[in-house]
Amino acid sequence: AGLPDIQARPDVRGVALDAVGVKGLRHPLTLHGDHGQQPVVATLAMTVGLPAASKGTHMSRFIEVLEARPAIVGQAGMRTLVYAMLARLDASSGCIEMSFPYFVRKTAPVSGTSSLLDYDIAWRGEVDADGIYRFRMRVTVPVTSLCPCSKEISAYGAHNQRSLITIEAELREAMAIEDLIALAERNASCEVYGLLKRPDEKYVTERAYDNPKFVEDLVRDVALALQREPRVGAYRVEAENFESIHNHSAYARIARPAAAA
Amino acid sequence: AGLPDIQARPDVRGVALDAVGVKGLRHPLTLHGDHGQQPVVATLAMTVGLPAASKGTHMSRFIEVLEARPAIVGQAGMRTLVYAMLARLDASSGCIEMSFPYFVRKTAPVSGTSSLLDYDIAWRGEVDADGIYRFRMRVTVPVTSLCPCSKEISAYGAHNQRSLITIEAELREAMAIEDLIALAERNASCEVYGLLKRPDEKYVTERAYDNPKFVEDLVRDVALALQREPRVGAYRVEAENFESIHNHSAYARIARPAAAA
Amino acid sequence: AGLPDIQARPDVRGVALDAVGVKGLRHPLTLHGDHGQQPVVATLAMTVGLPAASKGTHMSRFIEVLEARPAIVGQAGMRTLVYAMLARLDASSGCIEMSFPYFVRKTAPVSGTSSLLDYDIAWRGEVDADGIYRFRMRVTVPVTSLCPCSKEISAYGAHNQRSLITIEAELREAMAIEDLIALAERNASCEVYGLLKRPDEKYVTERAYDNPKFVEDLVRDVALALQREPRVGAYRVEAENFESIHNHSAYARIARPAAAA
Amino acid sequence: AGLPDIQARPDVRGVALDAVGVKGLRHPLTLHGDHGQQPVVATLAMTVGLPAASKGTHMSRFIEVLEARPAIVGQAGMRTLVYAMLARLDASSGCIEMSFPYFVRKTAPVSGTSSLLDYDIAWRGEVDADGIYRFRMRVTVPVTSLCPCSKEISAYGAHNQRSLITIEAELREAMAIEDLIALAERNASCEVYGLLKRPDEKYVTERAYDNPKFVEDLVRDVALALQREPRVGAYRVEAENFESIHNHSAYARIARPAAAA
């Protein structure tokens, strides 16, 4: 264009950047997975490492990478997208993180009524400074937790509440979002649903009461299930209970490095 | 199911409810408009009025209404959806509000490069206590504002920043989301874009400098344009400048009742 | 300063502004009330009406008004602050809204242990276009709600959750924040606390189970209590239950104009 | 109380927890520092490690630790508070993080007018699994950034915007919040202020134009300043520019381990 390219000028400060790029970028995509395709609205952060000798990156190229690709992305496609970004930005390391609401059709436990439930998901593909590509998936899963202490000490009833179980897992191979969600849901006091008829409501009430769990139990039981899951390497599991008897949360966390393969 | 229906019991307190229903419900929909279809992730509030004599509403029916309908919704479809809710809930007044991120493909002003820009939109369909149906649309439009005072008093430069113009308009007839967005963008110091090449960046920099606007100017100029728009009845326009020289916003608002038709 | 005052120039568009000023401004204050003084961190919006003939307001003067006053404010002081703003901005209408977290020391129901609980409060003082001053207080109160339907249809247990009751009330005379909070808390299934020992946890669990309330019951019972409160004029009460069996909220609202005095 | 203590029972799953405790807890404190005392409203997370053999922690004791201490806390006091928590919870590792808005009185550059500016601060005191205590401070500092590319390629003007510089630093010794803030502000295109008169607005406009910085420049210049600061060990610096010509942010990050002492 004849206009000077300031970003391409040399830099003399001798300071490399771990990450530079765009953040808070919303973009529509179609996720491709084992359970078909789903349109999602993703919020993206796209960054690359920048050598000490470069004055700046070219911000518009991140958007070009997104705009140039077909908008259908699977877990394999994330890797392709990350390497396309590295190529376009002339970088050797970089990361794309996209977070999005995701919907799963669930069936109510007694009536069999069908409805959607929403989850917050994030996919992160990263090529580190050593050139290694890693893919991590994070699922945030709403569940019911019922307090074992409250149940045991009370003549009747037990306080319960909505909880969020968050799993962030490095995947050794592709894994459906639905599978990681189910792993969390199976280990709660009870699952939650979009639509419950009265017989369902009776079921989930009694199911939670029969299955009390501390926030510590949630993360321990999820961690044990993750240990048995061959597709998962390193992971971190957190649970946050929005206590119905307090105005703060109970919280627990377990992080584990990848076991030897 | 043989289970008692507590909500259907009579209530003796003599207090009617203006609104009761579900809130914070995320649901995927496909918007149908003049510019084609777009999948969106909506956050919904669905409520109905409840007479004094009724103990409670039936929360699961709101979800049933959503699940029972085709997921493709236009502005006429909103009306159908609201009346379907009233019928299912046996109510005479009620409201559905759905807010969602929405994407418009824009063309950079010099290079002609194409990219998406995201906007926050809300549609609200309501049957009031008098049985009147009204439809309101809200668009929140990011723009550039450049301070006329800073420009005039400074030897060079002028502080500028991202601003949000929010229009909430009662529509007399269907109006494309894109039309209400464009009305806001035309009246800013400059539009914003997802992707700008260097010649575009030169253009938007100089365009904003040539077209300085106070937050007061933004709402006045948008209000004047709304006055000339026959599809718009009552409206409220707000602008918030995320001042680049402060850590707070400059803000302005104009609200006008519907002019006589 | 010899610099031109652009804002003071005339405007020929003929459009008056309902509100112009600053928003999202954080400022430390000391609240003065019946229960002593409490330092708070307020987020303020300060606006005035602007006649059609004026090009702009003077944004820095809003901050001057805040900085010039003693930082100790009570409900009477809000009126003084609003009129000081009108005088400094040479305006005939205007509004100051300040929202802030507020702490109340509570006593656990059995052990008597003392702890703080946090609430979100807003004060709004406004002089309208007719020159009438009104003061509104909003309190957002976390409570426990326990579902009557779940209790009745289930063999044991009942789903319960944290709820937020929000009261926005126009006050005819000064009213302690604590009094409006207590009005909400008394009408929930149970209050929540910062610190509960085991005998307290047993108490609140059983208390909620003995006192089931739909979201409709919460707003009705609070509305009835507000009707009996002579210090309250017009009001709006909302309740939102963060359902422990869903990932969305149940919601209800009642708004009433001021009764004849 | 004669009630069973479920949490104290043994656990046989063999899974230790990295962290368990309370989160999202708001509590008023008075910060004690070099520049005097300041009341703050903190949001706290308090956690301890839990051995595999323990069923659960005692959540109420976290609140007791807070309630039992004087509410005046400095950086040395954080260490005391963390060890008090470990003692009360019978734990060998643990962490307290408190984040809070903080106010600094600033002087406008020309008029000398005084006003407060708000910053988001976090203090984190942690005893890790090896029994080492570390203290980290995070400051999030609003500044002005002006784009060097926009300035160079445009005939006049330059896009600028509010940016946030976030420094998270492990401190080797106590360091005033104000000192870490100033380190960020000195390296921006210009500082921001609460209150600016017209001569000040002229100054900051011209100052930013004379001192253009990419988001890369912001983090590089702050990183160089941190390297020269003997009180700082490991650090991470991030900058996010809320671009006035886009609806997304430009972002950069540098993280460095502690240099050898």
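The first chain written gets the first letter, and so on, giving A, B, C and D; residue counts start at 1 in each chain.
What we mean here is this: contacts are C-beta pairs under 8 Å (C-beta built on N, C-alpha and C of every residue); 3 or more make two chains touch, one makes a residue touch a chain.
Note that the structure is a prediction, hence the values are computed from the model and not measured.
A.B. asks: Comparing the two chain pairs, does A-C have more C-beta contacts than A-B, or is it the other way round?
C.D. replies: If we tally the C-beta pairs in contact for A-B and A-C, the bigger total goes to A-C.
A.B. asks: Please indicate which chain is farthest from subunit C, where distance is taken between mean Cα coordinates of the chains.
C.D. replies: Comparing chain centres, A lies farthest from subunit C.
A.B. asks: If more than half of the interface residue numbers appear on both sides, call it same; otherwise different. Which is it for subunit A and subunit D?
C.D. replies: Because over half of the interface numbers appear in both copies, subunit D and subunit A meet with the same residues.
A.B. asks: Report the inter-chain centroid distance for subunit A and subunit D in whole angstrom, where each centroid is the mean of the CA atoms.
C.D. replies: 25
A.B. asks: From the mean C-alpha coordinate of subunit A to that of subunit B, what's the distance rounded to whole Å?
C.D. replies: Distance between chain centres: 29 Å.
A.B. asks: Calculate how many whole Å lie between the centre of subunit A and the centre of subunit C, each centre taken as the average of the chain's C-alpha atoms.
C.D. replies: 35
A.B. asks: Do you know which subunit D residues sit against two or more other chains?
C.D. replies: 3, 25-26, 118, 149, 153, 194, 196, 198, 202, 247-248
A.B. asks: Answer with line, ring, star, complete or other to describe the graph linking chains that touch.
C.D. replies: Shape of the chain contacts: complete, all pairs touching.
A.B. asks: Mind listing the subunit A positions that touch subunit B in their complex?
C.D. replies: Its residues touching subunit B are 1, 3, 5, 25-28, 38-41, 60, 63-64, 67, 101, 103, 114-116, 118, 194-199, 202.
A.B. asks: Within their complex, state which residues of subunit D touch subunit A.
C.D. replies: Of all residues in subunit D, those touching subunit A are 3-4, 6-7, 11, 13, 15-26, 45, 47, 50, 55-57, 59, 148-149, 152-153, 214-217, 219-221, 223-224, 240, 247-255.
A.B. asks: So in the complex, which bits of subunit B are touching subunit D?
C.D. replies: Checking each residue of subunit B against subunit D gives 117-118, 142, 144, 146-147, 149-150, 153-162, 190, 192-194, 196, 198, 201-202, 204-206, 208-209, 242-248.
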